[in-house]
Amino acid sequence: MKTHTEYLWFNTQSKREYINITSDVREILSKSKINEGMALVSAMHITAGVYVNDAESGIIHDIDEWLERIAPFNPDYQHHNTGETNGDAHLKSLIMHHEVIVPITDGKLDLGPWQQIYYAEFDGKRKKRLIVKIMGA
Amino acid sequence: MKTHTEYLWFNTQSKREYINITSDVREILSKSKINEGMALVSAMHITAGVYVNDAESGIIHDIDEWLERIAPFNPDYQHHNTGETNGDAHLKSLIMHHEVIVPITDGKLDLGPWQQIYYAEFDGKRKKRLIVKIMGA
Amino acid sequence: MKTHTEYLWFNTQSKREYINITSDVREILSKSKINEGMALVSAMHITAGVYVNDAESGIIHDIDEWLERIAPFNPDYQHHNTGETNGDAHLKSLIMHHEVIVPITDGKLDLGPWQQIYYAEFDGKRKKRLIVKIMGA
């Protein structure tokens, strides 16, 4: 059994941003020399997410609008008593989740034809980190 | 360390459908001869989900109604500029998520008494695929 | 490859409760003697969740209020024809999800600075179980 671990760093220009990291994960996999196993891709912050979906600008816009509708910015979150203003970013992170597991088969990410791995930033403009840990043989 | 990989295909009769796949995953596990480990069960499409919950027709109806309420069909999604009409199916997939990890103990799916594994189709009537990858010893 | 499995039991005082289990998982990890791998932390019930987020009382209050807003208690769920009254707890569990995978690096939970592991009870006052399964080397 082998493991291979790398970290990706982000520092987005805008507060919310959706970044396709599929090729980054693919590159890390190729360095790992692992042929069969699983890749954990997991945000290390509580106001960011990782998800698998479409690399299509329209749906990314729709996801962003939808998240704002069901987990809106709101000055009245109790969390803001700490001095923070990012309560909505925590809730958006919880809906989208902070991690995915991607299967690895024959040395490749075993994704469907339209599946792409995204890092979703909900409280950006600061340094954030993500872990990719691959386990297998 | 061993891995075992199989794919399940679906082609549902209706647009939205919830299919109990627990016995399929159990059969794949038994072929794998893996006693201790984890089973990844993951939809390979961006308009389908995999979740663990109750095999009770009432709650399945409630889940479907609730998903339509918080991620409704809407002709105005920007994604529809591509010619698609399934923006809601992407959002429903994101809420429910496309994968679960099931623990394996003593050669069995280590599920609680009511936990069943479901494939959730949100844009059916076409061929869709799911991967089961088991890793362990 | 090694695996190590333990179960945690809960019997909450109130119907909904959010319990920080990070130190429990850390203790199980230390018993496992696993240095590199993944820890699956998974509720074994269909009305409970496991998530990773902030150990801050304000945000926990906000999460609870938000869940009640988007997946409210409602006497009219079809699931209640079974005699149950916990339809909302199933939906809350589906949003928050019942499991997380935590990376293990150098014998430690490889979490970000604010990431804590929570057990979320949505239908408590009865015995409920959770599995921690660690796999690695």
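A, B and C are the chain letters, set down in written order, and residue numbers restart from 1 in every chain.
Operating definition for what follows: a residue touches a chain if its C-beta (ideal position, glycine included) is under 8 Å from a C-beta of that chain, and two chains touch if they have at least 3 such contacts.
Source: prediction; values computed, not measured.
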item	value
Chain-level touch network, classified as line, ring, star, complete or other	complete
Same-residue or different-residue interface between chain B and chain C, half as cut-off	different
Superposing rotation of chain A relative to chain B, computed on C-alpha atoms, to nearest 5°	120
Computed distance of Cα centres, chain C from chain B, in Å	20
Where chain A touches two or more other chains, by residue	1, 38, 70, 95, 97, 101, 135
Of all residues in chain C, those that touch chain B in their complex	1, 3, 5, 38, 40, 42-46, 70-71, 77-82, 87, 90-91, 93-95, 97-99, 101, 129, 131, 133, 135
Chain A contact footprint on chain C (complex, rising order)	1, 36-38, 51-54, 56-59, 61-63, 66, 70, 95-97, 100-101, 103, 105, 110-115, 135-137
